[in-house]
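By letter and in written order, the chains are A, B, C and D; residue numbering begins at 1 in each of them.
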């Protein structure tokens, strides 16, 4: 619990899919975590925007890392919901997630996702979900 | 509307992110569409399962192609929700999606996601979401 | 677990809010449960349709009773999502829910909601959610 | 658009179900709306907490009134998701909702729900959803 940014980054680096997408954690605390994904061409869909699957990946992972900052690393994403509100256009995707509620067995988190274009952040999606402590880890 | 599997595959191939993940459409009709993703090592997380972001990608894209088989290609995913129920372990991820309701401006779809291991399908996630017709396309 | 329809009805009758709405369970099994709500005038909104809150109530309760048929009565609704697809017009609302996945600590369920008008059922909403076993009840 | 609290209250009063539950709007602006529901005995479930259906009602209606403060009254709730995080115990339920994104055809809103006991607010649920402009109203 309350692991460091370095610990969290090691977990992220141990995820081959996160490496494939080039994701990085730039801040990590019980209050908020921030995950970045560079919007390279291979992460796009047919209209040149970031694919919804990329935005979903960032939401899912940011929600889970936010929970991890409070619950520790032995967790699993149970479920989440995402609303896309604008196309994700730009050079980077930023996901900021925070814990709304944390109990012994699960946390509920929210995430705001922004596309950064020419340094300007534009909200492109919002998410909300549940992260559960792995049952074997519940004392 | 009621486009062919070939048309739908062309759309999928025009999505760089879908190509990166190796996704393929194997069936496509107004009743059900089926999307496959081979679970290569680079799509995994730190425990060797498919990353949640991969399962989310498949859910998002399958929901949208299911809607497209009824609404036509000028659509956008509005929102969806996903429940992960088991780790996605195996050689392939299969997403089967169908339309629950279709109106003039949107469709609501459901998706079941299965991991295939040694030929056995195991349910690993379920999703539900809304796909909207692009406003400029509504007559 | 595998309680009878009579047991489930007793639980429903012990819910003052369900009595206020006139809800009834008409079938109850691990495969599917069915909850009815008569669409009296006091359950409507300003346009004469059933209020979304009534449809939500039915979805929430049906999802939970479906889980209860598998997990037993010591459960709590964790979360759900609902898509309204048509106005709920008619004399009765029917919610049919079933378990998609059940583990030791939770179940994921789906629910279809129909408005019945002149004996015709029309789909008006679909829901999906998680029901958790109360922690003190997990052996 | 930007209707007054009085207009919004008239809409609420025109909803028989909202009257049945005793709901009241206590503030109403494009920034945030606040809906109250007194937790009378008839709104409870078998354990003496507010029934999930009551919390859902409040979330659904608060999300919709929040959208209405920006989109005007010709709207309909498309979908939402709710996470229950604590039992709703106390004398009153407060739902505070705000608009995260508003376009021409829809708005995405969030809602926090609190149970008030002895004057203390405790977060009991969080919700997120989509409210659509009625198609006939889109110019």
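FYI, a residue touches a chain if its C-beta (ideal position, glycine included) is under 8 Å from a C-beta of that chain, and two chains touch if they have at least 3 such contacts.
Please read these numbers as outputs of a predicted model, since none were measured by experiment.
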Count the residue numbers both chain B and chain C use at their shared interface, divide by all numbers used there, and answer same if that is over half, different if under half. same
Looking at CA centres, what chain is most distant from chain B? D
Chain B and chain D, separation of their C-alpha mean positions in angstrom: 32
What's the distance between the Cα centroids of chain A and chain D, rounded to whole Å? 28
For the pair chain C and chain D, the C-alpha centroid-to-centroid distance in angstrom is 21
Give the residues of chain D that touch two or more other chains, as numbers and ranges in rising order. 78-79, 81, 83, 108, 130
What residues on chain A touch chain D, complex-wise? 81, 83, 85-86, 100-101, 103, 108, 110, 123, 126-130
For chain D, which residues are in contact with chain C within the complex? 11, 14-21, 41-46, 50-54, 56-58, 60-61, 64, 76-84
What residues of chain C sit close enough to touch chain A in their complex? 78-79, 81, 104-106, 108, 130, 135, 138
